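Order of writing sets the chain letters: A, B, C and D. Residues in each chain are counted from 1.
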């Protein structure tokens, strides 16, 4: 068994990580921490009662490094890079679920804050296995993608050579409330969400540059990404509807099937996808349709599983030389 | 008091009509019918117990015409035009909530079925007061707009002279389940909707040609409308997110405010709109934003109120020479 | 028009009061305040945009008293009694929505805090019109009942002479989340409520002594009330299921119909009631069933309408010599 | 690997069985059938795409018996017993999820229909492991308990010697909509359930005699069970609130902890339980509280997991000599 750590155990993605590690055939949960510490795991997450109990420590890189070969960091951006720097120095492999190592320095600093660990940023690998599987296998530090970029990029990637780069790509995204975090605010109050739907940060969400940069790195095309996310009255799940022009006739389903023919965690559907059929799993479900020169791409994931924690576990599997699908959930929360 | 009739009282829009007529200062509910008849109103709608009771008859145009000056038809398309034909001959004014008189004959027959009442189609007026208020005042037959076209057209209308007609307009719409009707099907089952969201009929919904035709009639521009509706886990409400290019710099909020400065039932917001703030009302709430040459238009209505029944009442008010806002709800179902 | 004030305009019940006053035929909203002030009404409640605009003041009894004949107080308990004392001295009639004047001093102090306005407590009338209509007409100060007591008492009252007082009454109640208030807490977060249900404060909720005391005052029987409330994933509505023994055979529907035969806002159903059919209205819907010597009473209200604000308006109507139903909503939020 | 069959694969409990068998360490899904057949598994359950594919046959006991040692029947009552009879004759072990073998003949026939397989009814074992673990190990036919009885009996069992049998037990239950089955009816329509809650079949549900009979068999006390179930707006989960009198002072938490000290799938909580913390798992969560001589018992399960399919798998494990917890989910659908 490989001993692993979770720092940032109190949030939703921390909990998802722990749920998967518990059932993982090769990982053992050896160290659990939050920025505060001083509680037990079932105090943080009562649903784990009878399943596992652990002391939750105040995060300490040196303590972690005594036993663990790999750490998952489920921390806010900026906080994360402090720990990453330390852990890299202590030779612990890291899957970082924050935004801190996802972007080139200039992109990062334009949208987040100053980067204090450029050295490790240089060798960090973007943890979307369908794009960078081989590099992830060699990586010491993997930057786990954002939830919206995961669904958007997986939907768009097969089409990059057909998309008209002279015209914008519009991405209309819908996310369950778990994406907004565990903190109760006026917009995560039950009354604010129930029987409601609304856009937030139209054209100004920080996942927009992430989608742009990754598609550029793959295609060398600088697509004009225009991203509008919405909150919907659901706990988990994320739906992407992307609209764009293409430069030649294609059979979009055939393109998708060819592109993902060997991918175990991408499913191509012949009609619109929903968020429930992949809830709780690592699947990304995709459908696409063409009308004249317009292309409609429709993809869905579980925002805190494929959009965060199960993708992190898959990355860790690759980094440790394990089968990519070890411990990865594929049975949906249906009904 | 003006005696009015509702045919098609069993569905959601029939109920909404009746709710508003009960509180209307000038309308009296004189005749209520369904295609079957033989029940009472509170058997159809137990929530009306203690408020109103009526026998519900099997729809009969001649019976209706004995007392009523105006009829609301909340019937499926094709069924509606049979009754309209009869009622016009009997000199009863009609607000038809179906699609039967919304479109030109060729558009209608391309997307629905053969039209059997072309004579009345010729003088029917499209019942969007913000577009055709003066004609509605003179009309004997008003075709009440579809819910999606109401929200989409009201959002797009102020911008028609700025939109680049050489590029598509993409409309990503989200509707509460009441839009799918009262019939329980595998896709209106609670389990299918709850914790879920999905597109249906992408680029193939019959409201797409309605949006196209009405914008063309107003602007003489043949916009390329591409419409993708979704079902969301909410009972009522409809959100429109429309994406397009513009040909000149504009301040979209200023455009909206100028265009609707005298309209009592359009509200311009300075940030994204939601569906709850207008639920239960005749308001259409609109926000818009520009990024470079991209325009994002975001509008919301209650799909069965402004998107159907309250708009029908407003049309009837205009047809009968009353104040447009008589009996029209403006207080939202909030919280 | 009678000028009225609302103090405590920021919460859900404050909003409901304002919604009803706007449409009230005899009340004019003359003064609106919160404990902070310094905002406008549509800043507090954006859904009121286009309907009404008002400055919201920092609550000041003397300012209020300059114009208003009656004030609605939608404030937390303890805060309320400070204002009531002042307003009584200034000869303003008050409907207080807090718990401060609902209970006898000893009951109040055992469950809340010290009472600082015993003088006015002495003449305050409990504002359940079905119990105290005549006294409310003469009252200067009405204590609006709690939401759970409203539904529970209305369900139980008709049966007090049949209930076996030697056995407990168990009341299992279910409330929409609006009952928990607008404040964001870990238990009002969307994720905590959605797809969930749980009891809170079993046998220890402060509405238990309120139900006990009011039934005692009416029946002179000291029933053993055992009350367990639950939060359900719904915005509004409250369902009561009460279980008890009876001492003689009765036809419970006949008892209910006889008891409430002249009551306009109590509806007797022949099968279990739901919360949706009375949502948004002042109705209390009741069903009851007997099996042997067991009596099951099932009642429902809208917790923030009949359970708070519309009942407050009805009380104000009675206090001002108006028709009890003036401005009282009876059309449900259905669908 | 032990080859097993699922008959009745189209419903929710059939799907849950299949989900668990897929991940089971010792079971292999060898035969899948419905009463119709002629489809594939992913046509029935698209969420299984990419996980498993099987032809779904028209149910045939002889075909099944060629390969399978054990069959799960997820069929309606009355249909089930026809298959059980055949399968017993063919020497296939059966876990029957219907009501057909849960009750004594006289109880069954009083509440369901004539029993046509009394011979097998005689040796069938009621599949609640906490009650009948040893008998289940020896059984050829296990009758899987109803969902409500599972939660109610597990909550009440520890207290049978303390409960006053001269006084009724009132059980107020709340169930997610999956309990109402996959069939679309007016009461499973999204609009009927959303923002709503209501009781159904008060004192007349067929799980009432099941609870009564099982408690009697264990305690020799004929408790007066009074059961009122409700539908709540949630997909899965079941909450039980039971109210009764006790004859002596007890510490209810201590009683629960002692009674279940060796049970891996019962968790005792020190405050009210919710349905989310055990959703998707085989746990039954229990809390209890005493006030004077009144006892309140509060338990929760996932209605289609512990209330049906995971309990069926646990029973099958016992029948096949495996560890009871093999393949049994214990990680909740949280958040």
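As a convention for this text, contacts are C-beta pairs under 8 Å (C-beta built on N, C-alpha and C of every residue); 3 or more make two chains touch, one makes a residue touch a chain.
Given the structure is predicted, the values throughout are model-derived calculations rather than measurements.
**Student:** Spell out the chains that contact chain A while also contacting chain C.
**Tutor:** B, D
**Student:** What's the chain with its C-alpha centre farthest out from chain C?
**Tutor:** A
**Student:** Rounded to a whole Å, what is the gap between the Cα centroids of chain A and chain B?
**Tutor:** For chain A versus chain B, the centre distance works out to 40 Å.
**Student:** Could you tell me the distance, in whole angstrom, between the mean C-alpha positions of chain B and chain D?
**Tutor:** Distance between chain centres, rounded to whole Å: 46 Å.
**Student:** In whole angstrom, what separates the CA-based centres of chain A and chain D?
**Tutor:** 36
**Student:** Check each residue of chain B and list the ones that touch at least two other chains.
**Tutor:** Residues 12, 178, 182, 191, 195, 233-236, 276, 333, 335 of chain B touch two or more partner chains.
**Student:** State the interface residues of chain A toward chain C in the complex, per the touch definition above.
**Tutor:** Within the complex, chain A contacts chain C at residues 12, 177-178, 182, 184-186, 188-195, 233-235.
**Student:** Spell out the residues on chain C that touch chain D in their complex, using ranges where they run on.
**Tutor:** 167-168, 170, 172, 174, 176, 191, 195-200, 202-203, 224, 226, 228, 230, 232-237, 239, 241, 243, 245, 272-276, 279, 289, 291-292, 294, 296, 298, 333, 335
**Student:** Please output the residues of chain A touching chain D within their complex, sorted ascending.
**Tutor:** 12, 15, 19, 22-23, 45-51, 178, 195, 235-236, 264-265, 267, 269, 276-278, 280, 283, 304, 330-335
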